[in-house]
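Dropping the structure in here first, questions after.
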Amino acid sequence: MVATQEYKVIGTRPIRHDGLDKVTGRAIYGADVKLPGMLYGAVLRSPHAHARIKSIDTSAAEAMAGVIAVMTAKDMPEAGDELVDLGEGAINFSHASDHIMAMNKAKFKGHPVAAVAAISTNVAREAVAAIKVDWEVLKSVVTVDEAMAPDAPAIVDGWVGDDLGEKSPLPNVGSHFRHEFGDIEKGFADSTTIIEHRYDLAMVHQGYIEPHNGTAIWDQDDRVRVWTSTQGSFTVRTQLAGVLQLDESRIKVIPTEIGGGFGGKIPIYVEPLAAILSKKSGGKPVRILMDRADVFEASGPTPGGWVSLKLGVNDDGKIIAGDADIRFDAGGFPGSPVGAAAMCMFSCYDIPNTRIDGWDIIVNKPKTAAYRAPGSTHVAYAIESIVDEICEKLNLDPVQFRLDNASKEGTRRGDGPIFPRIGNIETVEAARDSAHWNSPLDKNPGNGKVRGRGIASGYWFNVGLKSSVNLSVNTDGTVMLIEGSTDIGGSRTSIAMQAAEVLGISAEDVIPTVVDTDSVGYTDVTGGSRTTYATGFAAYKAAQSLIEELTTRASTIWDIPEDEVGFEDGKFSSKTDPELSMTFKELAGKLNETGGPVSSTGAVDLENAGGGFAVHICDLEIDPETGKTDVIRYTAVQDVGKAIHPSYVEGQMQGGSVQGIGWALNEEYFMNDDGQMANSSYLDYRMPTTLDLPEIETVLVEVPNPLHPFGVRGVGEPPIVPPVAAVANAIHDALGIRLRQAPMNPGRILEALKENNG
Amino acid sequence: MARVFIPFALRKMTGGATDVQVSGATLREVIDNLEEMFPGTRERLVQDDRIKPGMEAVVGEQPTREGLRAKVSEDVEVHFIPHIAGG
Amino acid sequence: MHPFDFVAATSVADVNSVLAQHGNRARPLVGGTDLLVQLRGGRFELDAVVDIKSVPEANVLELNGSLKMGSAVPLAEFYENQGVRNAYPGLIDCAELVGGIQIQSRASMAGNLCNATPSGDTICPMIVHSAQVHITSAKGDRTVAVEDFCTGPGRTVLEDGEWVLDITFPAPASGFGAAYERFIPRNEMDIAVVGVASSVTLDGSGKIADARVALAAVGPTPVFIRDITALLVGKEPTEENFVAAGKIAHDAVSPITDMRGTIEQRRHLSGVLTRRTLTKAAERAKAG
Amino acid sequence: MVDKVHVKTTINGQEFEFLVEPYMSLLETLRDVLNLTGTKEGCNDGNCGACTVEMNGRIVDSCCVLGAELNGATINTIEGMATPEGLHPLQQAFLEEAALQCGICTPGFLVSAKSLLEKEPDADEHRVRHWLAGNLCRCTGYDKIIKAVQKVQTSA
């Protein structure tokens, strides 16, 4: 299970470089930015889920003492109405602009309609409260099924969605696509066991603790500076350029530390409003912070919706047919991750005949964004539950069934392409061999409660994309590493460690800094589980160039040909004269006599890192009288490629697992009849607390990724995929009921028990 | 010849064929030749001389990072799939 | 947020004077864990808040047979008092589960009572302990039983200028036991889906001399069910009788369906938790 | 307009004297008036603990306290946890155990955990989890946070 290659730095657990600032309160996050002369912004948000703006009267706000600037959508530049590639996903800037501030119509509760900059937050809020909007409240639709009704109100005016290559007659279809391979009818005809169910999931939020924020200066030369906590400063720059209709070179994005993202801090929200208010106030800095309710109601949660799945199995216990219909609510604009969901649908299994329909449906809820393996958790809930049911029905061991049907190199994915070398089987085997799976579970512990165990698999892609790194050598033998990947969970260190490994120095001797968009080459978002892989690869390349240059310098010092200088184990030495040898540090001290500073650049644009697989095992205890459920033991097994810094790999697995557990048990957007989220606070959104969890055990399966010099694979996303299904299967093991609606909260458990008992 | 998998939404243009053999040394040539075989397919795959936004071309096993310039070898599979993002 | 003045009161007279001046545009501040959040959320506006935490009479915690608890005594101070722990385990049940430690450092039972949410965790336990609320104002003092204090969601018997100075709990009778249990989906930090407080007093023969059951989050105010008292008095503290009491609770409550639970779930839980808390209260009564 | 309130207080052992708007929370006062931005806002309604500080010996959510209440009070924030001699053992353990990812909840957790270890140095795992339940973390799943606290307990 352990990669065989010997490393000096990789695989160790150094203290992260930014740790000291973060445990002392010194680290500067978005809300900590304070600039001289700064104004404070506030946003007026729609109180209605769906309403036309008949008029807006900002005069009272403008007249208030201390108010410097007021804006509405009329102040937003007109943006192009076409799809533009963002590297990580595509965007329609006209929709983006309308999303950031509603032009004619609020499409979800919390949709911004005006904003104010004032001398204090309190004045700004009072001014916002003084803005009068004349609303025409429209019927709202918040579920996929409501929004697809022929008489549903059209949410995006003029939108016509694509339905399998034709224009959709329904107003709220963002798109409908299909993947179909093999002979699906014959597959089911040949099946001896067929199980079909629909699985519903509520919309859920990433739940990062730091609210969105943005501080901007738009100066008289039309240069815009923006401070924000984001997963991708360059992505923010591209989005701002599109929405503000400026050249990218006029925009400088300065990323602050970021308090969690999980996909939700890729889109922009308040940043362009701060910029426009700054422009309107004569170039004064303007800071806007969201509050927690804003975050829930008006940032980018992950979709709710449903997955209807039918699986057919033959007498040999092989899945030979799979037919899925996936419908996601995109929010107030088209663009849910239903595409990725479809691509993950059958990824853990080798199924010859498959059909997948994906529907992206516009509803009156916040526009969805990515959330850790977006879409994959939804489909895993369906397929892993049905696989569990098949195993129960046919009396098959769930692990052996997964092994017998496992996708592997050469398997055709549900969306068509063939899998390269993947670690699915190794991961299932590691789960099979884990201490947890082999431990007994007392299903009736005698305290009136019952226990159950569930297992589930999951898959995510792990993307590659673009990253840039600059290195420069200090004369004391340390190396500065400049990168553009914002660090959400220790990536500075995992990237620095890769450079250190190449340079033969310690992790501490590589000093990483995340810089603004003016100061390093283009770098895609910290997301898609790509950062340690792609930015680490860029660091590797930059370090290789550094060694090349330093080899030249050594040859200068020793006055021998370059090709006679070797570099191994952190030492430069002559291949012919054993007396001539210098460590990296020694050579660094002599650079001033060899031509001055040495620096290098590494830039990559990588293919996907190959898929990552996770298998989770969940034990839980249920009070059948109340439906109260507690997870009492949990193990996450995952193919992680090579773990650069194992502590932070474990941390990703633990954190993703716990988000998934929260999703399974309690988290949801609870919508009231007016299309409004009734529980837009941490109090009622019910994310897991320390007391709701056991230790999260981790098993790292290290199958090195052949596409990366150290074998790195993305690790951040697969851990959120299996938990919902693992919890569902454990509930079934405990109570004999199958819950097909998430969250599987105590109320639903009680209802199901009641139905079961007649 | 590359084996080009036709996205479902385009299968009307290919008479229902799910995959077709198409010649071409680069993705651009493959798509051009596909257009000759099945008029109308090109504009569904390409915009402004690039793969359409929101879509990725898989040549072999992975989405290509080289766009229409991607080399297409004999017997390789070509797919057009939705763009993969992540969180 | 509408700007308001801050007054740090050091005497009952200070508080009375501010409240007399501003009427319903002023309120006492103890923990702030409800008040400040509600002000910030625009639930209502105030012109003044008066901090009563430095008023000596609001800070008493006197255990002298009965228990007198000032309205500013934070939950943490209450449950850290060993004498109180020994005498009133049924109150400790609720004091230890409001919010997290941070909230318990500040919030008081009187504050919880005056906030008057139907789900308030400490109100029902006070009811089953037959607690009396000491209300004061510039016009004079009066006393109200806790079960009569809340009149609707967020509404109480307090009139403009009045505030709660302290709450008195009678000395636990011999053979008295009480317990509180709430149902929440998580293990902390939640609002009760249903909360039930029960107290049982056993006579010398082990029969029930008195029983009080009150439920949270199943009606517009905390619900004190006198029918259960009537059912149980004179009976044995048996499982069967407590199940019957639970049935009464199940039928007597009038919950709503909202984000925290459904009508059916809340009725069901009312029955279960009534049985459980009566059982626990009776155990404590036997032990005590 | 309302009058500002005069506040004299001790923060991290140092005396401060300033005027504050009467309606400003302690959190806003620390961050916007005193520039002590180590205390973070996560929810502003007492449900995440990111703004935890110690006030008169007890941990509180500073979003649910008024700045004006500081008068005469003693406050300890994350900024006062390390001394010129070095980090607090909890800070060191959080670094060594990788008990933070994004770090936004970290100051609140550290202030809460410090208070627990001072009051109940022998708290068992359940009690540690119970004490810290008012502090939300979304990155770590809490596992490494609990281990870091336990590490300090066993090495003390």
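For clarity, chains are labelled A, B, C and D in written order, and residue numbers in each chain start from 1.
We take it that a residue touches a chain if its C-beta (ideal position, glycine included) is under 8 Å from a C-beta of that chain, and two chains touch if they have at least 3 such contacts.
Since this is a predicted model, take the numbers as computed values, not measurements.
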Chains touching both chain A and chain D, listed by label: C
Chain pair with the most C-beta contacts: A-D
Centroid distance [mean C-alpha coordinates] between chain B and chain A, Å: 28
Rounded Å distance, chain A centre to chain C centre (Cα mean): 43
Mean-CA-position distance for chain D and chain B (Å): 56
For chain D, residues contacting two or more additional chains: 21, 23, 44-45, 47, 130, 133-135
Chain A: positions in contact with at least two other chains: 122, 206, 261-262, 682-683, 689, 691
Residues of chain B touching at least two other chains: none
Set of all touching chain pairs, with the criterion as stated earlier: A-B, A-C, A-D, C-D
In the complex, chain C residues that touch chain A: 1-3, 42, 183, 185-191, 193, 258-262, 264-265, 268-269, 272
Interface residues, chain C side, partner chain D - complex: 1-6, 8, 29, 31-33, 36-37, 39-41, 49, 51, 53, 74, 76, 99-103, 105-106, 187-189
Complex contact set, residues of chain A against chain C: 122, 125-126, 129, 625-628, 630, 665-666, 670, 678-679, 682-684, 686, 688-689, 691-692, 745-747, 750-751
Complex interface listing, chain A residues touching chain D: 13, 15-16, 18-20, 22-29, 31-32, 34, 121-122, 206-211, 257-262, 289, 291-292, 488-490, 645, 647-648, 650-652, 654-659, 681-683, 687, 689-691, 693, 695-696
Residues of chain D that touch chain C when the two form their complex: 1-3, 5, 21-23, 25, 44-47, 49, 52, 55, 58-61, 63-66, 68-69, 71, 112, 115, 130-131, 133-135
